[in-house]
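Take a look at the structures listed below.
Here come two complexes built around subunit A, the first alongside subunit B, the second alongside subunit C.
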Partner chain A sequence: MIDINAVISMMMNNQVDIPLLQPLLKPMLEMPLVGYLIALVLWKPFFVLILMPGFATLGIMLLILPWIERKMVGRMQWRVGPREISPHTRGIIQLLADSLRFLFQEVIIHKDAHRSYFLQFPFLYFIPVLLPLLFINAGTAGNPLVPIVSDYGLQLMVALICLMPVFILGVGWASNNRFAFIGTVREAFLYFAYEIPFIIVVLAMIVLYGTSNTVGVVNAQSGVWWGIIQNPLAALTFFIAMVMATARLPFEIPEADQEVSFGPFVEYSGIAFGLAYVMGYEKMYVLSALMTMLFLGGGSGPVIPGLGELSYAIWFVLKTLIVLVVMANLRGVYPRYRLDQALKIGWGAMLILALVAVAWSLVMGVIL
Partner chain B sequence: MEEYKNANMRIINSGPLAPFRKWASKWSLWPCHFITSCCGVELAHAFAAGYDGERLGTLNMGISRQSNYIIIEGTITRKMARALQFVWGQMPDPKFVNVIGACGERGGIFWNSYNITHPSDIVPVDFFIPGCPITPEALLRGVRATQDKIVGIDRKTIEFKRVELPFEKQLEERMVPTSPKLFAPTPLIKVDVKREVDWGKELEDNLKNKLEGLYESITITGKSSIAIKTTQENLKEVAQKLREQMKLDHVKSVNVIEVPHERKFIVEYIISSYTEEELMPVLVTVFVEIGLKDPKIESLTSIWESANYSEREMHEFFGVLFDGNKGMGKKFILAPDTPDLPLRKEFKIPEERYVFEKDMPLDELMVPIEPPKDLYIPISEEFIEEAYDNDEIVVPIGPHHAGSGHLRVTFRIKGDIIVEAIPEPGFVHRSMEKLAENRLYIQNVPLFERLAINDPVNMNLGYVRTLENALGIEVPERAQYLRTIMAELSRIEAFYYDSGIFSLFFGHTTGFMYSMAIREMVIEVLMGMTGSRSGPSFLVPGGIRRDISDDVLKLTDNLTFAIHKRMKKFEDIFVYNPVTIARAKGVGVLTKADAIRCGIVGPFLRASGVNYDIRKIAPYEAYDKLDWEVTTGDDGDCLGRFLGRLAEIKESVRIIKQAVDAVRSIKGPILSADILGEYKEAASDIKGNFFRVFGNLVLPKGEWTTITEAGRGTLLFSIISDGESNVPYRVRVISPCWMNLRGFMEALKGARYADFWAVYGSFGYFPPEADR
Partner chain C sequence: MKKVATPEYDIKDKLKYHVSALSTAAKEVVMPLNITTHYPRERRKWPDCFRGYILFDPERCISCFECSFVCPANAIWMKEAPSGRYYPTLDYGKCIFCHFCVDSCPGGALRSTKIHDVAYKNMDEMFTHTEEMIEPPEIIREDEGYVEYEIDKEDLTLKRTKGKDKLIVDVAPSQGVPMVSLCIDRGSCIACKVCEKVCESGAVSSLLDEAKMIIKMKIDSEKCTGCGLCVKECSMQILRLVRRE
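Moving on to the complex of A and B:
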């Protein structure tokens, strides 16, 4: 039998402190059931994981990010992008219409596909996407906002992130289509090309910070000494690996529209495609959050008056958004590399950069 | 069909969530990337900078599974009908179909073609958008109409009503040209009509020496053209000698002329040289006459590889067997249900008529065509098994693929390397050669312009020049300059279309948008000159239709500066992008020898190091009066081809500048007095006298061949006239893309799978132009 009061008091001891809402919340916390609920929502682990920068933010991002991408790329291309759906808000609800349309459209499973895997994988994909958020630290030095404090937080995150391509391979395999097959193989090739530099770079940062605890990582970036300043090479390599991992241009090779027609997702339709389509964005979000935590000082930033600890979360999301927008903008700038060229970059330049970054970290770690 | 159309609306309207369904479907019409014919050029504009169809929430999607909307661009050939049916079947419900272009309704300009079908017989169509080609505005209006239909607003579309014209009587009295037909039932067809010109005595003697005993006759048939008649037995030897001793190294055209009343075929090869400078402008016709029964001739593919695809084409059209060509007996351009041997005279298509007789049965014009029953892919089981045995994968690409256009290429890939690429053109084969035999000479002007509506003026010019050549008309100087300006504008247009596609194939949408935006400006100027976006039909034999005002010339002058400015931005973002260079450099290399062997034409030939530009070697219009240079390169790779064309465009801008300056000081008529005859008042505007002047054109007897440098290379028109009828006896069109197809496939050998798109884009392969 769980002692409910003990649980509540545990939650009450670990609340997100928002001074502006305090007068409002205080009477509500007294109430029997509403109070429990509020206590749960404002309980730090729950708040970070479910609200900000966790699942809810991710959900909103999935609706907004493609729109931002389409609008910004549209601006670069001397046009306006989606607009007529809501002219006053510049078409911000475009993705809502698209996703609703996907929801209501027929889902075709062709007869050569592996029926159950075909449908399972887009849903199962949420597991490796959402679990890394368990260790995310959206707080700042001395003020962590983290769901689970673990000494192996970073390693676990990387392990879960490295699990993602497996699901894409599964999607491609279940589709049983030529283009899906080629796209999947391309994904597998790229996977190895970016994964090793990616892991080495994270290792470099662990060496530099002297800890793999996400709380410690953010603590090590106090003031303006963000990771990107302490080790810019690692940040650069991480960014390239991130672009490659999310198959954005110029590494949009597994899903190349003109070459393999969306590769692994070629047979998906309706809501199944809707889920497959946002896979990339989910991955982008998680990786951007990781980059923010590792290199951009987590949620560090000036405290917005009245918002207390919430302002850290806001800074965190804003920084993540900036990383995301930079990644989205690449679409307007670069064509795509060929597979062998991308592999050459992965196994050549990036691997060397990553090793140099480790050496840099060792030197910096010794000096500091 | 009707039921299905309603079924889609029923899905949308069913259930308590219907309002959401409607709203979401309305704002999320994603057209699948299924480009079926030349209106695709305007579709590109509608979704590019300038018109930006994405405003309406329509996002062009590569794959049928994820889209819910098809925009059928014009002609659906029998071959494409299968693909259309298949793609439409793949799409999830609810789905909508719009048809753009006149030929999507009842055939439009190709109404009596043997190879087209009506989209409405194949899929349920929601809206038809007329126009040939349609404008992007019209297309987007069609999208809006579909959106309105989904939410239940009945947008009033056009209703057809019979009206009595007050001047109907007057119309009947007006002089209408006689309907097109062959007047003489048994005309004398000769391809070697002797003409007295001050040229070629030396060459004739030379040929006579070299071919001692192998020829029957050698005739000079005009300036820079000579015909050699030989026999079936000696043909190969003659070809061998010409190839080795005369350095005539490529075939420009393979043609078959059927003369049923004399029970014979005339098979001719038009050959020329890329290596011998003085032979470059010369067209040597080698022809033989063979019997009508079991026509068989030895293939010259082993001597001239460039004849390969044309021989296959002729085999399909006439049934002449080219012994030794590997493609004999296989379908290449035509679909399995297209009538056999369609270009033979005994195969008749519905006649063109000007005035409908009162009791004429309309059914004849509206013959419904059976939708195809099977999905025809010309790959045998053995081929696939053999590939699997060799650890290879067979990948067919197109015609419905985000990066294929209207072409199917079947790859055998080992690892990432292309082992074999089998092309399958003909998805936009609208049978122009047959249609041209049933139309007046002047009616063929708009017909041949539809070869490539992104390079309209050059296509137009090629045909018109052939007529002028035959009739011996000298074009007034002002018209020459104006034609030069328009032809160069058209060349710029063609380049920017191709570079747009090139960048899109690399996944670089920004490059596509920039090119289309630049193209939009060029179109704007052409519109000012001619009044039409992409189908002006502005050139007529003897000159141009109307004089062009100084305002428009000023606009043209301004355009040159604007292009310069925007071109810089395009170069910065796409051309000199490190990724573009990495992708295109050293890929798809065609050496000089290979390029000549495959008979590559135009800027792609020059990129391989052959200095061959018809504008220089046989100048026409005002090209010899202007200062410009031919651009050549030595690399022969994708980047070289692309940069070569870019340099050529810069020369084009120079030409336009000079020509605009020159034409301002030249005043005079724009139509030649030779062709106007008694209608002298039409010298500055043909309006009102068009059919009186041009309606009854008859070409002198013989074969008339002219080559023109179009945007993508050599455009060859060869017209055979019987000297009496107001229709050509036979027209042979060889478009640049058709000649480039062989080299395109050659360049793919040993390339990587992803390089296909680099090669495709660098060749600027435009299937409607190739398939004719």
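Moving on to the complex of A and C:
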């Protein structure tokens, strides 16, 4: 039998401190059931994992990021982007409308598809997406906001992120369609091309910070000594690897609409397509959060008065959003590479850059 | 054989092009050069010579068949009206909007409009009868302004004006040149009466000359509209269209 009071007091000792809400929360915390609920919500691990920058923020991002992307890329290309739905808000609820449409559309599973895998993989994809968030540190130096403190946090995150393409391969295999196969094979090719520089770059940062604990990683970036300033080469390589990993233009090779019509996801329809469609954005979000933590100082930023520790989380989400927007907008700038060109970049320039980044880290480690 | 080599860039060029591409994109995000027309809330202002929906004025039609002869898409069929005259019908399922018919109409009975957004429920409806060509189709106008594209030194800009653009062009239809049919070689006439049968205006008549036991054809130049059908049909090719004096 778990002692409920002990659990509550454990939660109470580890609360997100928001001075502005304090007078409001105090009487509520004393109420029996509501108090427990609030204690749970404001319990740091829960808050980070479920609210900010975890699951809820991911959900909101999935709703507005495609809108931001479409709007900004539209402006780049002299168009207007989504507008007809709620024109006064410039079409911000477009994705909500899209998901409603997905919900009411028939999900067609063609008879050659592997029925159960076909339906399961888009759902199972949430596992490698959400688990890395367990180790994310949205706090600042000395003020961690992290669900699980682990000395192997970074390695675990990278391992889980490297699992994601396996699900996409599964989706392509279960679809049993020629376009899906071509897209899947392309994804597999790209997977090896970016994964190795990606892992080496994370290694470079572990060498530089001297720890793979996510709390230590953010602690090592105090003040303006963000990772991107300590090792810009690693940041650049990480960014390119990230764009490749999420199959965004200019590396949108597995999904290339004009060539293989959305590649692995070509057979999806209805809400299953909705889930497959956001898979890329989920991965983008997790990788951007990792980049924010590794290179952009986590949640460091001026404290917003009255928000206390919440302001760190807000800064973290803002930085993540900026990375996301930059990444999404590459679509309006670059055309698509051919597969061989992308492989050449992955196995050539990026690998060299990653190795140089490791050397840089070693040198920096000696100097500092 | 001469081969065109791919251009060589060094790393400096590459960096320069990357920066220029990214900065152009950033500039467009901040100050976009939008060229989208928000149809149907606003319309593009087309020039008056726009080749759109075709209107027909039966008063001016001389039933010359010219429009149906010239139509490259075979979209115009002549249909007999209760009065016995033939008027054009137009199948928009076939029409390619070349407006050869409008240009060739001697009486100026066909005219162009700027209407380009007509919707039909099915293919049969696209066959437009003569009566339906007289009035413009019903249009629900939601537009509050019109848009003109202007090309300045390097970029395209939009000029938006409030108010509705007139879709029916005011340009007067061509008056044409009044023609009349004339027989140039009466001696060759074999009195086959084809011209009499073909004339819709009743301008050709035949009378029997009892004394000489021959049939004489007569074209009444007052009644003749100059449609040229008899000229086309005449078996001896002795009829000509000439300018009316």
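Couple of notes before you dig in:
Methods note: the second predicted complex is superposed on the first by the 368 of 368 C-alpha atoms of A that agree within 3 Å, B and C clash if a C-alpha of one lies under 4 Å from a C-alpha of the other, contacts with A are read in each partner's own complex, and residues count from 1 in each chain.
What we mean here is this: contacts are C-beta pairs under 8 Å (C-beta built on N, C-alpha and C of every residue); 3 or more make two chains touch, one makes a residue touch a chain.
Predicted, not measured: the structure shown is a model, and the values here were computed from it.
Superposition of the two structures on subunit A shows subunit C clashing with subunit B. Within the superposed three-chain model, A:V207 lies out of touch with both subunit B and subunit C [touch as defined at top]. Residue contacts after overlaying the shared chain place A:R75 against subunit C, while subunit B stays out of touching range.
Put subunit B and subunit C next to each other and count what each touches on subunit A; the higher total goes to B. With both structures placed on the common chain, the touch criterion links A:L310 to neither subunit B nor subunit C. In the superposition on chain A, A:V333 contacts both subunit B and subunit C. Overlay on chain A, subunit B versus subunit C, candidates 112-120, 148-156, 166-174 or 400-408: the clashing stretch is 166-174. Subunit A residues in contact with subunit B (one complex) as well as with subunit C (other complex) are 76-80, 332-334. Of all residues in subunit C, only 21-22, 24-25, 28-29, 32-36, 38 touch subunit A in the complex they form. For subunit A in complex with subunit B, the residues that touch the partner chain are 70, 73-74, 76-85, 91, 94, 96-98, 100-101, 103-108, 178-179, 181-182, 249-250, 252-253, 256-259, 261-262, 266-270, 273, 277, 331-341. If you check the complex, the residues on subunit B that touch subunit A are 17, 20-21, 23-28, 48-50, 52, 54-57, 59, 62-63, 65-66, 68, 90, 92-94, 393, 395, 401-403, 416, 503-511, 513-514, 517, 573-574, 577, 579-580, 582-583, 752-755, 757. Listing the residues of subunit A that touch subunit C in their complex gives 72, 75-80, 329, 332-334.
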